[in-house]
Amino acid sequence: MPIVELHLLKGYGAEEKRRLHEALTSAVRLVVPAGPDAITVMIHEMATEDYSRGGKHRSGAPALPDPVDIVRRFLSAMEAREIDKAESMLAAGFSMRFPGTKPMSTLPELLDWARPRYRFVGKTYEGFDALQGSDSAAIVYCRGSLSGEWPDGTAFSGIRFMDRFEIEAGRITRQDVWNDIAEVRAQA
Amino acid sequence: MPIVELHLLKGYGAEEKRRLHEALTSAVRLVVPAGPDAITVMIHEMATEDYSRGGKHRSGAPALPDPVDIVRRFLSAMEAREIDKAESMLAAGFSMRFPGTKPMSTLPELLDWARPRYRFVGKTYEGFDALQGSDSAAIVYCRGSLSGEWPDGTAFSGIRFMDRFEIEAGRITRQDVWNDIAEVRAQA
Amino acid sequence: MPIVELHLLKGYGAEEKRRLHEALTSAVRLVVPAGPDAITVMIHEMATEDYSRGGKHRSGAPALPDPVDIVRRFLSAMEAREIDKAESMLAAGFSMRFPGTKPMSTLPELLDWARPRYRFVGKTYEGFDALQGSDSAAIVYCRGSLSGEWPDGTAFSGIRFMDRFEIEAGRITRQDVWNDIAEVRAQA
Amino acid sequence: MPIVELHLLKGYGAEEKRRLHEALTSAVRLVVPAGPDAITVMIHEMATEDYSRGGKHRSGAPALPDPVDIVRRFLSAMEAREIDKAESMLAAGFSMRFPGTKPMSTLPELLDWARPRYRFVGKTYEGFDALQGSDSAAIVYCRGSLSGEWPDGTAFSGIRFMDRFEIEAGRITRQDVWNDIAEVRAQA
Amino acid sequence: MPIVELHLLKGYGAEEKRRLHEALTSAVRLVVPAGPDAITVMIHEMATEDYSRGGKHRSGAPALPDPVDIVRRFLSAMEAREIDKAESMLAAGFSMRFPGTKPMSTLPELLDWARPRYRFVGKTYEGFDALQGSDSAAIVYCRGSLSGEWPDGTAFSGIRFMDRFEIEAGRITRQDVWNDIAEVRAQA
Amino acid sequence: MPIVELHLLKGYGAEEKRRLHEALTSAVRLVVPAGPDAITVMIHEMATEDYSRGGKHRSGAPALPDPVDIVRRFLSAMEAREIDKAESMLAAGFSMRFPGTKPMSTLPELLDWARPRYRFVGKTYEGFDALQGSDSAAIVYCRGSLSGEWPDGTAFSGIRFMDRFEIEAGRITRQDVWNDIAEVRAQA
């Protein structure tokens, strides 16, 4: 039965509101054992002239981009080896860790590391989870399986992976990657 | 500036409300680039007699337990080898995958699998992330590093891990585990 | 999906609120084709000190009694020939019309009129409908069938009737009665 | 002092809202002894994108037609002997009872029954009352007086009647009629 | 943290709303020790068709003009000796008192009184305060210092003054003036 | 028709709420030409656990004292020559100006200034006006007439005065006084 009302300055589009409806519904469900249909969300928009804090009007900021969408586009660019495009999605201070690596801060470092490990790799996604972290970063988890070719040209597939991203102000600040490649190679 | 109002049947305690305040605040921040202090949440409670759907009163269900708390207690029990206690926290139909394993459904299976791999293992937590999934399961991510002893008695530490849990109605339905053990062993 | 919020001064009991929930739900359904379950009503109570009009506090008046309940008790008293009790439920200026009568203003008038018509009569109720009139009177419709004995002692039953009552401030101000007695007698 | 707020999806016209204002005001007055001027109703409309249940948008259904208007048009058509037009306003499963009749389901049945009783009959309305029934039917009461000509050509007038209608989804499902014709004829 | 919501019929402009935001914020601050930034005001506008009292729509009245603006324009007109313009801003029944005068009701009376006192006088404003009185008049206080020339042609300046105005329906109904002219002359 | 809703943390007493009702009603009337009875104010209280900003609970601060009450008590103490009591009501940095004086900062300065001017003086109040200034000070205007004895023992009365006070955090920070004493003496 919970009913959520969100008062918001005008300026958010239908897609951005849809993300708010979903996020608020999920927030309630994390605590209240209500079926999703039992949760109602109403967004009330206000014109700038209808809202004040301290007697002064405020202007609304543009919505943050969907962090899942950012991650999807980044992973696609990486898979297609569009390194410049991928690079443009990273924040200053970007940091990344892959299995067994030290923190790396540029994509060429990653490519150097990967070269002796596989010729190429593609991702099949099983699911994405996104949430807001306690600080200003949004967090996106992406999991699924890897397929590709080992350096010797033999194919592999079905290797589990899990990526964790942090995104601030629309840029990726951190990527952490786990996968079963070493496990599979050890078993091979 | 967003203001969230949540209308709720009476019966939720201060700690449960705190979780709602945090979850609703995070939900808004995932889309609206407001500093956390700019987001206000108000919970309005109603007595049963003040709420109706279809002209009929409804009663509120007890809050769901905090899924992060469930995961913490489960991992503690596992680390302390309190298998019965850990088992009691699993739902019927529980499924679990570790690096390189097929899906397992009982803790003894896991213990069998782990025995040749390490004498014991402890976890240092770097962080927990919790969110509501799109179906009725809450999802908890837990990451950090492993330390323990290899079967030969030598110690290890600082090995990254990532666990993903699904929790329904207060019981764990699924656990997926990634870590760098094989990577580290391969490098050794 | 309609959601109704009612702001009310404190002082209404659970049964009075139940009547408000039902009446508000029905009011919406008269216009909006929503299943009853799709209509939510929330009552928000206020203490006297929390409400003002013109900067001055107001006190809430006690709820009006349920007009259907008044009609039921009046009809029971009449059927049991508890004339004093029934009389006490009438407002000054009470007016009543039965089939073929002029307006009557006292119950003895009615008894005189009824004497040559039937020895006694009882009512089986098929339904009550209550609504607020456009002025200050509540209106109650009561329909069903009559059974009893004609003056010659023969029994009758299943004769349709319809009563319409107006109630103000808890007293009956008007009663209009229709039934098929004459029709049935004519067919006999 | 009661204040009613109704949250509604966009799409209802001014006349439909007027009916909601009146119905909600009456609903409150049935329980709270407030003068009509003391009751405030505010309708808050929402665009589809601003409302969700279960995180999913819903679309609002067109308003139900005014049931009093349907009854007025039906009675006018009957009086003008526009039987096809009147017939088109009936729901499948329509049922009707007049004084002394069994349930009838078509208008020709009614005309057959009426032929030996009066040449024609017209209605002068004293008032209409409409309310939502507890199931999905709206209920309309119509009362007033009949005038017309008996089969022998003599005129009559001032005979009380009461009609009760049930309307679902804009069609009449049931009509129950009471009047004093037999009473008047018996007295003649 | 206080949050004020104002429900208002449509028709007020941005400047009129700004005055409402400020006045409501100040009203709260008079009692609640919150920094201004902690006070949020939201105005919710309604179309005529969305608001009713007693089931009947009402139309909103145009906003009252800013009383400070009225006083500023009146004082400017007086200083520029645009007596007709100033006169047009006075209500019937206007009354005015200056230091040592009886109540005067026309501007020529004032000019006669002032003639032997100074050749001309100008005002430097230190501040305006406006509030609603307990009856229908708005009250404006204006304070600052006077400069000008005495009848003998010598200049003066820096003499404190305080004016109090009452304004009803956009017209000045009363002016009370205090200043230190006599004090300064006595000291001279 | 305006309706004001104020959301407030619990902890304000009936008298403090009465001041909020009055101040909010007046705030609306300064702009909207509604009779006072047309303005409704509803205060909605929240427990600490029901309110958050930035996901964190806040505690409400005690209400500010009524500034008119402070001024009344200060003026009474001055009139009764309870200098210590009056002094205790002043803020550090207090400043005060009387007709013809430079700014003074202590009450003894004032007493020295007044001694050659009158033996004693009492105030008859015509009215108080209070409002919140644009910074954190509340402003109180007090006007009326003075009566007392000149230094030579002759009595005076009916001399107009106007006092303006600024109050912060319950202490008087500034007093500005105007009156017609010099005017009256000059006319004598």
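The chains carry the letters A, B, C, D, E and F, assigned in the order they are written, with residues numbered from 1 in each.
In this section, contacts are C-beta pairs under 8 Å (C-beta built on N, C-alpha and C of every residue); 3 or more make two chains touch, one makes a residue touch a chain.
Note that the structure is predicted; figures quoted are calculated from it, not measured.
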| item | value |
| --- | --- |
| Any chain that touches chain F and chain D | C, E |
| Rounded Å distance between chain A and chain C, as computed from the means of their C-alpha atoms | 62 |
| Averaged-CA centre spacing for the pair chain F and chain B, given as whole angstrom | 57 |
| Contacts with 2+ other chains: residues of chain E | 1, 3, 7, 26, 35, 40, 42, 44, 51, 53 |
| Chain contact topology (line, ring, star, complete or other) | other |
| Pairwise chain contacts under the document criterion | A-B, A-C, A-D, A-E, B-C, B-E, B-F, C-D, C-F, D-E, D-F, E-F |
| In the complex with chain C, residue positions of chain A that touch it | 1, 3, 40, 42 |
| Interfacial residue positions of chain C with respect to chain F in the complex | 7, 44, 46, 49-57 |
| Residues of chain D defined as touching chain C within the complex | 1-9, 12, 16, 19-20, 23-24, 26-35, 51, 53, 58, 60-64, 67, 97, 99-100, 129-134, 136, 138-139, 141, 143, 160-162, 164, 169, 176, 178-187 |
| Complex interface listing, chain F residues touching chain C | 14, 17-18, 21-22, 25-26, 35-45 |
